[in-house]
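Each of the next two complexes has subunit A plus one other chain: subunit B in the first, subunit C in the second.
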Partner chain A sequence: MGVKQFMKNEQKTQHIETHASIWPLFISIGVLIFLLGLSGINTGSTLYSSLFVIGLLIFSISMIGFGAQRFQGPEGPFGESWPFQGVENMKTGVWLFLASDVVLFGAFIGSAIFIRVAYGWTSWTPVPDDVLPGLINTYLLLTSSFTVILALVATEKKNRYGAVAALTTTFLLGVGFLMNKGIEWNHLYHQGLWLSTNVKTSTFFLTTGLHGAHVIGGLVITLWLIYRAWNGAYLEDNRTIEYFGLYWHFVDIVWLFLFPLFYIL
Partner chain B sequence: MVSLKLYTFIYVALFISATVQVLIEFAGWLETMYWFAFWLIIILSFIKALLVAGYFQHLRYEPASLSYLILTGLGAALALTLAASYSIQ
Partner chain C sequence: MKETYQTDGGHSDGHGLPPMYSIKRWLVTTNHKDIGILYIITSLFFLVMGGVLALLIRLQLWLPRDPGEGILSAFAYNQSVTAHGLIMVFWFLSPFAFGFANYIVPLQIGARDLAFPRLNALSYWLYLISGILLGVSFFQGGTFNGGWTVYAPLNLPTFTPQIGATSAVLALFIFSVAITAGSVNFLTTIHRMRAKGMTLLNMPLFTWTILLTVWMMLFAFASLLAALMILSSDRILGTTYFSGTGTQGSLLWTHLFWFFGHPEVYIVFFPALGAMAEIFQTFTGRRIVGRKWFIAALVLVTIQSFAVWMHHMFLTGINLEVKTIFMITTIGISLPFDLMVFSLIYTLLKGKIQFTTPFLFAFGGLILFIIGGITGVFLGAVVLDYEFRGTYWVVAHFHYVMVGGVTGLIAGIYYWYPKITGKMYDEFIGKISFILYFIGFNLLYFPLFIAWETPRRVFTYHPSLIPWHQIATIGAFILALSFAIMLYNFYKSLFDGEDAPDSPWKYASTLEWSLPSPPPLENWEGTPTYENGFLEFLPEKKIKTDGGETIHEK
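Up next is the complex of A and B:
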């Protein structure tokens, strides 16, 4: 190929992808303001609670803006080539995200283990004095994982109401998980145990809190899935539910380790 | 698609296994033989995680590269935790 031809081809293929989006910047600003508000929300000051709400609003609007934005991605077999041949790009993407989430949780759980080893593993007792709320939450989360599978099976059988029912059950079980956690946290708070009480309670609230945040994120997605399923989506193509399931089962797996580590051992 | 029967079976197994973890505590094994009970509970958690990842996330039926991807993340986190904890032992 001559240089001229090469340049011509280059010009033809270049700059069809859009690389820049303003939304991640706004998402970060929203998170900053949200966390700033959250950091002082128990002072009862209106400034902090306003920052909390404003930050949450900016974050939510930016997330929706980012999600709704159209962009040109590079086309081609990049993701579906070695070593991920036969795996759809979006699925590889979900797994990459989950791998990054493994590292995120790894950091939190790892630091909790490190601090406990430094303290003396066996002289450390779990923060909650009662294991039952944790066990009930395990049941709730396991069941909600199962109902996501039921939703997937329902879409395969072209059963629209079955899918809506299974997803709604998933949502309610997730809400139950959070309510149970809320009751437990409230109980601990009134026992004088909170984030800054000591390093043990810090690791407990931070790690289970990070997990709770993942549950909240999953529930927001579930609401969207219910809305879409109600309108008849996913009966022809249920990959969205499958990929949401990958995330939701991951949140389940994390809890399978948090539960013994923070409640039993 | 794997049969719903298998999924239900795994769900029940997970449910029972979580209960067993708590029963180990109720039986008082954590007081009498802590490290045995500890490893029993941890191994049960790993088995449960493998069941969820293998069947619910159907990694068993995907190309192995996806499993390696996740194991890389897990390996890194575990290596750092173990090395850091060992260094202060």
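Up next is the complex of A and C:
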């Protein structure tokens, strides 16, 4: 055995895998209680509302525990990885998740188009009377995608504060997106337009709402990244920021489909 | 170095993992083998739950009755039919197969664990709580009662106002989330973490079928997820997707559901097919005939499975041209299956067969699948489907296919039982269970072809069909008995079975059989490799720490 092979083997045995975590169980218990509450939330009973809140709390705390736990899974290099030799596990996983998310949004957008065709394509006008909030939001999201890249560049230059600043900008732009959307929805609500008003508003609020949920999820991750970057993470290994960027760009691209569909056409 | 293995895999210093007899172990474990066992046991529990519902249905159908007569009320009957379908398709079949997938796939490809072990544990627990939520839904004014396909408009609160119906939808939703996480995990593992020399073409057939299953899951369950999110929103938030445009809303549901639903048939059947292929090879002592073509056929089915969904919708207003296209793709998808069936049969002809219990189940599964496949072609033809849709022909057909798949998976549980538990099952009781299973199965489902004019989902039928329905009910109890005997066999053998050697099967050729039964926590001492064309374990140097102690030894 060559020296190189020996060194490689030595490195491998030093790597110790973890086999235990309580958080998956706790997360699931939280989800169960949350969904039980959700099932009867419309009854207005305190039991269901409190289950809803308690479940959400357990879920959130467990997610933080899950994220904070140091967990060592199997690490490469592995024997055969075709066709993903150059794409490490986490990156492969993120791409696969995004592929599935494409179908999810595809089904939502497809449903909206299907319903519009059933309704009569031309007798359908966009729900928001003003295109401007949507346009502003498009620019906000595009810019926030750009600042994620700035964060990546900053970590490559070992610039800790640069990374924190770029990520914070991303976060603020995302919050701006949501606030702008909140103002818009509030405005529509006072015009008497809400989820259950008619099938047109149903598609508008639910599809952009699903997108908004993706934005909120992204912002939670961003907060986490800011916290970690502040403590000096990612300067040696910025892959996490790169993978978050993949997700964030995806959310951005989805908006580029939703904006014309629900604001212009 | 074999002596240093802990053959029960239960050493307490397993990197912070408590021993196997500790309950805590099973709450915190992220190891693929432990989670595989959890999946298998949980899914068997749901098998019993769905099976009891099926027996209730069969008892009610002993005679054609008016609503309120017999042991089930009309509402209870509809709940039973719906929950039986949902539990068997979602909470039993796939998770049962994924118990094996969890346990066996990393062993077959030479990996230490799945790519994301914690995510794997999360998938399992979400699966479990989704099943618990479905169980709870029975007590929230009754579970969903609109059929397992959850068709609109029956899925709307106007027709299913009980809270339990919403819970059932949410249960299905979180189940889909668990499946999506699992798919990502398995895809990453199989594509990235194979031993050296194990190229895709060299992969064992069971791993191949799981790989293609998870590819289908990744996309199919995303469509179901969208459907369920929209449905939950219609039920809870008050959107009007499925009611706002009249019948078109119902059509939208069928598109979303069957875009998932047809690949789901192959998602359920593929792992069984993979297990059958492994078992045929092992017990004929011969490599499968036309292996490359077998794999090509699997890949073809995987792709084509996304282009056949509208054959479930021949009775809707879709125009005839589109229906014809989907008839062609549907009949066409039976061709690769023919190839696989012939390849399995030729393997039998060319090899020397050992009639063990797993082989009998695998062979039985093949016969049942052939009958199920042929009767399915009738349904794929538009004109015949006009006649057969909504009758017991459909019920009989898909039970032959789906429960035919279960037969293959039972073959799998007998086949891998020695590897997982380290004990041999009782061969004699195993064969008895097969005979009862095969007789019970055919007594149960074959008469339904003859009594095909019975309307589906309804608890009354023409009195001339009574004898056939009574035979079916008797068959149902024989089938249930065979499961009871099987579970007894597994339970008993756990304590007084003989110790299993590394490989109890003479001609088993896949990697899992080169390990002790059961395998140690981290599977391999060295690094498995096929680089030189055969299996070797590259020695892994024990790393000396400052104190001169070794890490892996106790």
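The rule is short, and it goes like this: the second predicted complex is superposed on the first by the 195 of 265 C-alpha atoms of A that agree within 3 Å, B and C clash if a C-alpha of one lies under 4 Å from a C-alpha of the other, contacts with A are read in each partner's own complex, and residues count from 1 in each chain.
Convention: a residue touches a chain if its C-beta (ideal position, glycine included) is under 8 Å from a C-beta of that chain, and two chains touch if they have at least 3 such contacts.
Since we're looking at a predicted model, the values are computed, not measured.
Q: In the overlay, answer first, second, both or neither for which of subunit B and subunit C A:Ile41 touches.
A: Touch status of A:Ile41: second partner only.
Q: Is A:Thr138 touching anything from subunit B or subunit C once the two structures are fitted on A? First, second, both or neither.
A: A:Thr138 sits against subunit B, while subunit C stays out of touch.
Q: Between subunit B and subunit C, whom does A:Thr92 touch in the aligned arrangement: first, second, both, or neither?
A: Both partners, subunit B and subunit C.
Q: Between subunit B and subunit C, whom does A:Val103 touch in the aligned arrangement: first, second, both, or neither?
A: Both: A:Val103 reaches subunit B and subunit C.
Q: For A:Ile113, is the partner it touches subunit B (first), subunit C (second), both, or none of the two (neither)?
A: first
Q: In the overlaid three-chain picture, which partner chain does A:Pro83 touch, first (subunit B) or second (subunit C), both, or neither?
A: Both subunit B and subunit C are touched by A:Pro83.
Q: If you stack the two complexes on chain A, which partner ends up touching A:Phe250: first (subunit B), second (subunit C), both, or neither?
A: After superposing on A, A:Phe250 lies in contact with subunit B but is clear of subunit C.
Q: For A:Gly73, decide between first (touching subunit B), second (touching subunit C), both and neither.
A: After superposing on A, A:Gly73 lies in contact with subunit C but is clear of subunit B.
Q: Please tell me which partner, subunit B or subunit C, touches more residues of subunit A.
A: C
Q: One more residue to check, A:Phe146. First (subunit B), second (subunit C), both or neither?
A: first
Q: Can you list the residues of subunit A that touch subunit B in one structure and subunit C in the other?
A: Comparing the two interfaces on subunit A, one with subunit B and one with subunit C, the shared residues are 83-84, 87, 92, 96, 99-100, 102-103, 107, 114, 118.
Q: Please output the residues of subunit A touching subunit B within their complex, sorted ascending.
A: Where subunit A meets subunit B, its residues are 83-87, 91-92, 95-96, 98-100, 102-103, 105-107, 109-110, 113-114, 117-118, 122, 131, 135, 138-139, 142-143, 145-146, 149-150, 153, 156, 245-246, 249-250, 252-253, 256-257, 259-260, 264-265.
Q: Could you please specify the touching residues of subunit B with respect to subunit A in the complex?
A: It is residues 1, 4, 7-8, 11, 14-15, 18-19, 21-22, 24-25, 30, 34, 38, 41-42, 44-45, 48-49, 52-53, 56-57, 62-63, 65-66, 68-70, 72-74, 76-78, 80-81, 84-85, 88-89 of subunit B that touch subunit A.
Q: Could you list, by residue number, the parts of subunit C that touch subunit A in their complex?
A: Subunit C residues touching subunit A: 14-18, 27-31, 110-119, 121-122, 124-126, 128-129, 132-133, 136-137, 140, 163-164, 166-167, 170-171, 174, 180, 183-185, 187-188, 191-200, 218-219, 221-223, 225-227, 229-230, 233, 236-241, 244-246, 248-249, 252, 255-256, 259, 521-522, 527, 529, 531, 538-543, 551-552.
Q: Could you please specify the touching residues of subunit A with respect to subunit C in the complex?
A: Its residues touching subunit C are 6, 9-10, 12-14, 16-25, 27-29, 31-32, 35-36, 38-43, 66, 69, 71, 73-74, 76, 78-84, 87-89, 92-93, 96-97, 99-104, 107-108, 111, 114-115, 118-119, 195-196, 198-199, 202-203, 205-206, 210.
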